[in-house]
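Two complexes are shown next, each including subunit A; its partner changes from subunit B in the first to subunit C in the second.
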Partner chain A sequence: MPLEIKIKQSLDAANRGAVTVELAGSLDTATAPELERQLAPILDTAVTDLIFDLADLKFLSSAGLRVFATARKRLKERGGQASFIHMQPQIHEVFEIIKALPGIGVFKSLAEMDDYLTARQRRHTEGS
Partner chain B sequence: MMPQKTLKLDLRASPEELMRSVALLESFGRENQFDEKLTFGLMLALEECGANVIHHAYQDRPQERFCVRFEATDEQLTIEIRDTGSPFDPTAARLENPDIDPDDRAPGGWGIQLVRRYMDDIVYRRDGNENVLRMVKRVANSST
Partner chain C sequence: MRQLSDCRLLLVDDAKANLDILVEGLKSDHKLSLALNGEMALQIAARTPIDLVLLDIVMPGLDGYEVCRRLRQMPETADVPIVFLSSLEDVANKSRGFEAGANDYVTKPFNLLEVKARVRALLKAKAYSDVIKEQLAADLRVAREIQMGMIPQDFSAVEQRFSVELAGVLEPAREVGGDLYSAFAGVAGRLVLLIGDVSGKGIPASLFMVRASSLARLLGRDIAEPERILARLNDELSADNPSGMFVTMLCAVYDPVSGHIAIANAGHNRPVLLRQGAAACWAVESLGTALGFEPELSFERTDLILQPGDSLVLYTDGVNEAFNAAVECYGNDRLLHDLNEHSSDAAHAVADGLLHHVRTFVDGAPQSDDIAILTLRRVSQTQSMP
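On to the complex of A and B.
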């Protein structure tokens, strides 16, 4: 099963600066290097929030988790965050077993995540 | 057609060929009406341990070959992987200390940690010039 990667810059005011990465298929030892290649230029920009939409991700192994972990670490260093939406139960279980990605956001829907990001934005604005 | 109960594959040591075998295992699970979670665990075990063969035992030399045998009985499902690479025992990977900050942990142990959760037994042995890894998932209480 190949991996389809769609990268979208968010135009929504609430998620300004966020990039959405839709993954469909299998994120494994054969496909993880391609995701890593496509994420590298994004992580080199000032983007702070990466949203991985996993609605159509069917398979995930440790090779894929390592790509997520690298992205999470880079974003965290600049005060940002990696978020995950629409995880299927089997994919969620892989995250649960490893527990290697603390501080990530896991959201059931875009709406839930928008609320979170808006609240965070407000906290930042009020705090400064 | 009677469902196939044994699957034997002779593979080149490349990630693409490994994933082809994982797809075959998925079809095998479907033909034998395994539940989805069980099949997912078997696929993950094959992917993780096959990746170890390719990247560690063979050090990414795709001209090498390895064998996968998959067997289903009413009691258990067995995956056996054989390669002729350098000795590599994935079960020797130390368990992660959960108290260590994840950013400081080596991610090398994640694969075996996943396999341990999805499979019941994982036994490694060096047999002559071969690495032999045998993983078993018991299904005694599943519906027949």
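On to the complex of A and C.
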């Protein structure tokens, strides 16, 4: 099964600087290198929040988890995080082994994630 | 490396006059086999080792494109250089030739010197790639020996000392793999069990596996609590881990006197508890985070008593995520269901039985992931150890 990758810069004022990555198909040993290659230039910018929309992701292997975990590490270093929305049950199961890591957020919907990011931004603004 | 003069060329052309010219030009440089049509060419390729094919396109019966495709499907000629020799000069024909699997395309009328030069270049490239493949295969064979040497083959000493039965199965999907298990004496007369699965496959996974396994054995000899063994191992593995590799691991520490077993999980498949007269069930509910991502994580611990005759079955995801030809997954439900059959079996019968169930399920579909199974059984009191 191939992997389709769509990368979108978010224009939503609530989460400026966020990039959404939609994944469809299978993220496995065969397809993970391509995702890694496409994420590299984004991770090299100042982007703090990556949002992975997994609504159409059917299969996730440990090679795919490694790509997520690497992105998480880079974002966390600059105070950001990797967020995951619309996770299918079978993906959720595989995700268990990284979901407790700092720098990872799992949300049911975009709305739930927006609330979180807005609250975080407010904390930042009030704190400064 | 093979001499170019030892290489056999298969010349395929329906015009005998063309073959005569090629034979005249090439016979002093290489061994030659001749075919006047596509069917004949395929028959020769099936029974004679061929090093390069010079192939006409327009022929009665099978055309050159089809012959080329079929040669690519035959294991004997899957990566033998194929050169089209054709009067079709269109770019479309050339590109169709390359799509069919050709390495080169020379248009007729050809210059014999050019054909000879291209044949030599392709044969040399093939010879280099063969040498590299052989070196890699030889290196991998030795790497496999080293790796398999880290996996215990004979548990008899441990079995006697701790009054248990132990059985292990390890089947890497490739020459080297990322699965590991171990059983060794720990602190204060306890037995330490480990099973792990490194992300990815092949050489990178096997290197990380060797690192994780060696460190785990050292830590397991000094630390009595499995959750602390995993926490320390995680700190070590995440300290220098530029490639972001990780390993899921289950660690159990067993006290042979009381039958008490403490289990901690770092993102690994949940082990199964087999108890006579009871349904197979998870021995541990928590999954926990895998090792190598982030230092200073903590891990949960589960405490159980193994009664005489009880078994604990540890395995890697090559078992529950084995796929059959219909791309169905073996899955946790089948795993628990099939293990029910083995609740009174000896440890080796449990491990072999589970492997048999998985093999029956996949029914010959190629193995995509490493498979490891480790079974611990507390010996029943009626059974006397030798």
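We adopt the following convention: the second predicted complex is superposed on the first by the 121 of 128 C-alpha atoms of A that agree within 3 Å, B and C clash if a C-alpha of one lies under 4 Å from a C-alpha of the other, contacts with A are read in each partner's own complex, and residues count from 1 in each chain.
Just so it is clear, a contact is a pair of C-beta atoms (placed from the backbone, for glycine too) under 8 Å apart; a residue touches a chain by one contact, two chains touch by 3 or more.
None of the values given here were measured: they were computed from a predicted structure.
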Touching partner for A:A40 - first (subunit B), second (subunit C), both, neither: neither
First (subunit B), second (subunit C), both or neither touched by A:L65: both
Partner chain in contact with A:I7 - subunit B first, subunit C second, else both or neither: neither
First, second, both or neither for A:A55, with subunit B first and subunit C second: neither
Partner chain in contact with A:A119 - subunit B first, subunit C second, else both or neither: neither
Touched partner set for A:S26, first subunit B, second subunit C, both or neither: first
More subunit A residues in contact [subunit B versus subunit C]: B
Doubly contacted residues of subunit A, that is, touched by subunit B and again by subunit C: 29, 62-63, 65-66, 69, 73, 97-98, 100-102
Touch list for subunit C against partner subunit A, complex: 197, 199-201, 244-246, 248, 266-267, 287-290, 293-294, 297
Interfacial residue positions of subunit B with respect to subunit A in the complex: 15-16, 18-19, 22-23, 36-37, 40, 43-44, 47-48, 50-51, 54-55, 98, 102-103, 105, 107, 110-111, 113-114, 117
Residue ranges of subunit A in contact with subunit B within the complex: 1, 26, 28-31, 59, 61-63, 65-66, 69, 73, 90, 94, 97-102
Footprint of subunit C on subunit A - complex, ascending: 29, 62-63, 65-66, 69-70, 72-73, 96-98, 100-102
